[in-house]
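The next part holds the structures, each set out as structure tokens.
Both of the next two complexes hold subunit A, though its partner changes from subunit B to subunit C.
Let's turn to the complex of A and B:
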């Protein structure tokens, strides 16, 4: 048993109980429906900005892109414009591919020793696939939820939901993104548990967000398909939040509050955890810089003078030996010394 | 090769990547013979004025640290977080997905989980969390944080001197986290406490004083090149005349000194001499060598950014003193990481030099416009493309060549096709190693970043496994017998690695191939190659 994931699982269970008991038994609807969500969103936004600005405060003294393809050099050699960009445009495309399609992770290989002495590197697509499925479905779910914060619901969101519900199973219809999200997050959890190396490096803070997101997804699905939450009531609450006229509708059920609480915790946790890789990837100097440091001088704001060993010092030490083998010197050997030698 | 080192098949069979039962924070470091480098000679540390020069031994309990060493590390850590966004971001955003784990030659070859790039970085991150994040302060181990203790410091030292800063992990990391960057910071911290290794510290001191890592003094440097001049005359019948410290030469040539000193790098140097002689004879192109800036490599970069800058300064200083137009850089790995990604920023602007143009072909090296240093394979590839060299690749027919991309020139620069173009034009038989082991995915020789010592041979041979294994593949499939590269450390390190893993394969520099193929006016029959070995098919009547 691994203390890291047990602890994370227990934390999420405690969070669940807090919200459930808080609403069911103690009647803290205002706390869980209004106060905590407001605090969470404030923490999310302020924390996110603070952390990104904090990164930005440190300069990028050197231009250190990881070059993943041919450089731009001689006119007849074809450069890898994206994997080794030499222009801003190339960098932008490289970043788009990284951020939206996980370009680098797509390269992933699995190294295995075969027949006792042959190393093989096979394309390992599952991590990439799991990650892509997870992030894109998460994004879809987030966007889908905007219908709770906008009234009337814009047609693009309605269209998204229609596409998302293409399976046309059940009523209300099963949304593809929710299923994919749950499946992907469980996959990411399982690989963390079953791949020995990944398990070995995993911290509690790697399992906690996974359990939390599993909690978010399950409570969401539960609400939509099983407890059949009062959607009108939910929208009343969420519209109240965005218009700063919060109110608690009478009957939305505790599943909703659990869901909302999980999301609130996730948001508040976000800026202070590894989840901030969302912001960090934009700041990564090995990806967001063009490989043009020999063409355009990069400035280091804290560049300072250093002590060097000058040519004069060098020649002073070795002048005689240099003259002896006919190496040119700046200063001829002083006559007194040469006389002494004679 | 040390006598007590395992044979290669033993090393392979005892390879076991299963992590230990105990968590990594609870698995104390064991500094093991064969896996670490000796501590720095205090004289070397003192010569360049670096901190805490004293004799110490990594195997001793007492490392003779300054009294306030924790404070020094804490302040040093903070300063580097403030100075390097890379460091700060890389401390924060890793999600521990593990994509980097089996990309590292150190991990593949040793199976030690602390050689997974992610865990190597976590060694540092755990202390970062404790000292610089609120969650880490409060939650302790649950947030993956731990206090810096002497044992932790020793663990850092052991493992950050098992990373060769090859950057292969950064190619696969979805956030571009570059362990080389993290290792560089860790080694800067070690330097603050005087925890350098001698294989780095002494070359640094030598380079500072004599201009090169090996401590070759000016007269000896000239003597050594003169020795090659004699060899070339024996082999080709042509007397070449290199110039030294010559004011008003067209360009200054700088290359790693180990190619002047040790085989097979010396043959590459002979290749340079032949090429430069040809260019002077045919086109009047005047290239000079410098004894003051007689080192391309920069072991300062394995010590600290400051030391890197101090050593690198000689290149521009010498170019300015000699009044050359621009600088031509020889075949070397980390030398080129420094030139390409650091030099101009650190020691520029080089406004006293001209934008590099090849006077022979008229080609403008636009990509080197600001730094004004051209890579010799860029230069030679251009010469070949424009038909300016008289080549007879037949003299390389006996070689079946594959090409090893150096870590630094591939992942810190993208110099991939220039050397290949030269190889393909100087020899007939060229075979690539498997795709996942070349170009930006190339594997380290296992001895980069100053780990090319004798006492850590087990580490080096383990680290060279992935590279050697790919060579073995083409050796078995295509009968490859020569491994070409453009790095002086590669030439030294891969020679040993080949001897260990694939004994039938030799190592060559790309310009050795050029030297073999290039026709000189007035040359003799040229029945031997630059190694003075008879060329099959060209030797005398029966050739034994």
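Let's turn to the complex of A and C:
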């Protein structure tokens, strides 16, 4: 048992009860269906902008060349154009590969003592695999949900849903991305619980979003395949939200409000948590700067004018004394020497 | 320390944030504040005469696909064709011959809802969508 994840699990259960009891017993449909979702989206957008601007105010005076390849130098040494980019183009390509395929995570290694005291490094790809499965399925799920927010629904969304439902199991059909999402997020959670080193560095702020996303996924799957809700009513509500004519349809099940509340909490929590790596990745200096420190002079933007005492000034100040004790000087005391000697 | 108000790489940062806002507010501007009316599936005279669907309306509304799935599996796998509903009434388990017998206005009934919720059923690849065509 670990306080961090018990605490996170309990918070998510409390959230569930809040929404469930709030709708079932107290009839707070307007609160959970209209007010909280609006507040959540406003918090999400405003919080995101606030945090990103805050990052943008921090000067990054130096290029941080934590790179995985040969820097561009002499013409006969082959540079790694993407892994150690010296141009904007290279940076853009590195960023795209990072965002879409988690390239640096792909190189993740595990450091272990084996056979007693032998230190070994091993390529650790499971985290990458879990992460890529999680993020891509999450994206698919998010895009798929746009069918509830736009009208008429464009055919590309219908195509996506068709591809996602390629298993054609049951009615309504099981959607692949939903299963992958739930499996991946559970894997990412178990990893934090079972690997001692990872558990040691895991905080409540790591577990809470995982539980919240597990809650979102489970409530969604339950709603689609088991408890069932009136989907037409759901779309009536969501379209009301995006057209600023909020409306609570009569008999949408409370499972839907739980789902919506989980998503609202996730959105509101997003900008103030580690989840903001969505924006942070674009702001990270080790990813968004070209390594051109040797070619271009980067001036520290917070430099105040530093008063320097150059060697010339030093010699001017102490020339006589230096000459007196026989130290070599760059500029002899040509005209004044004779005067002084006299 | 430096001037904390200055935003470095202002152009890039602002461009990125503008893209972010455009994407996240997509549903709010894409619909121009308009939504098509909520579908009100039309009942045919035959359905009206029957007064009741296979199961109560609220059940049908949310769970008709699950019912159809049960029907499909029961017919195709077990060869049984008679469904007895919660009130003890029997129905022939058939998509085209039962559902579309009462709801023969598929376009105004099934499709109206399905278009609204962007549901694409592949059933009609094989099943005849209008029983009148059966000779």
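Quick note on the criterion: the second predicted complex is superposed on the first by the 305 of 342 C-alpha atoms of A that agree within 3 Å, B and C clash if a C-alpha of one lies under 4 Å from a C-alpha of the other, contacts with A are read in each partner's own complex, and residues count from 1 in each chain.
We take it that a contact is a pair of C-beta atoms (placed from the backbone, for glycine too) under 8 Å apart; a residue touches a chain by one contact, two chains touch by 3 or more.
Keep in mind that what you see is a predicted model, and the values were worked out from it rather than measured.
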Will subunit C clash with subunit B on subunit A after the two structures are superposed, or do they fit? fit
Classify the contacts of A:153 with the two partner chains as first (subunit B alone), second (subunit C alone), both, or neither. second
Classify the contacts of A:59 with the two partner chains as first (subunit B alone), second (subunit C alone), both, or neither. both
Is A:170 contacted by the first partner subunit B, the second partner subunit C, both or neither? second
Touched subunit A residues, subunit B compared with subunit C: B
With both complexes overlaid on chain A, does A:286 touch subunit B (first), subunit C (second), both or neither? first
Quick check for you: in the superposed arrangement, does A:162 touch first (subunit B), second (subunit C), both or neither? second
Can you report the vertex angle at subunit A, computed from the C-alpha centres of the three chains with subunit B and subunit C as the arms, to the nearest 10 degrees? 160
With both complexes superposed on chain A, which partner does A:302 reach: first (subunit B), second (subunit C), both or neither? both
Which superposed partner A:235 touches (first subunit B, second subunit C, both, neither): second
Quote the smallest CA-to-CA distance from subunit B to subunit C in the superposed model, rounded to whole Å. 6
In the superposed view, which residues of subunit A touch subunit B and also subunit C? 56-60, 302
Subunit B contact footprint on subunit A (complex, rising order): 4, 7, 51, 54-64, 66-74, 76-80, 83-84, 86, 98, 102, 104-105, 107-111, 113, 116-119, 121, 127, 131, 195-206, 272-274, 276-277, 280-281, 283-287, 291-300, 302-303, 306-311, 314-315, 317-318, 321-322, 324-328
Flag every residue of subunit B that touches subunit A in the complex, lowest number first. 9, 12-13, 15, 17-19, 23-24, 49, 81-90, 92-99, 101-103, 108, 113, 116, 118-119, 122, 133-135, 142-144, 167, 170-178, 181, 208-211, 217-219, 222-223, 244-247, 291-292, 305-306, 309-310, 313-314, 317-318, 321, 339-342, 344-346, 348-349, 363, 365-371, 373, 378, 381-382, 385, 410-418, 421, 434, 436-437, 439-441, 465-466, 469-470, 473
Spell out the residues on subunit C that touch subunit A in their complex, using ranges where they run on. 1-2, 4-10, 13, 16-17, 20-21, 24-28, 30-31, 33-36, 38-39, 58, 61-63, 65-66, 68-69, 72, 113, 115-120, 122
How about subunit A: which of its residues touch subunit C in the complex? 41, 44-45, 48-49, 52-53, 56-60, 146-147, 149-153, 157-158, 161-162, 168, 170-172, 228-232, 235-236, 239-240, 242-245, 249, 251, 253, 279, 282, 301-302
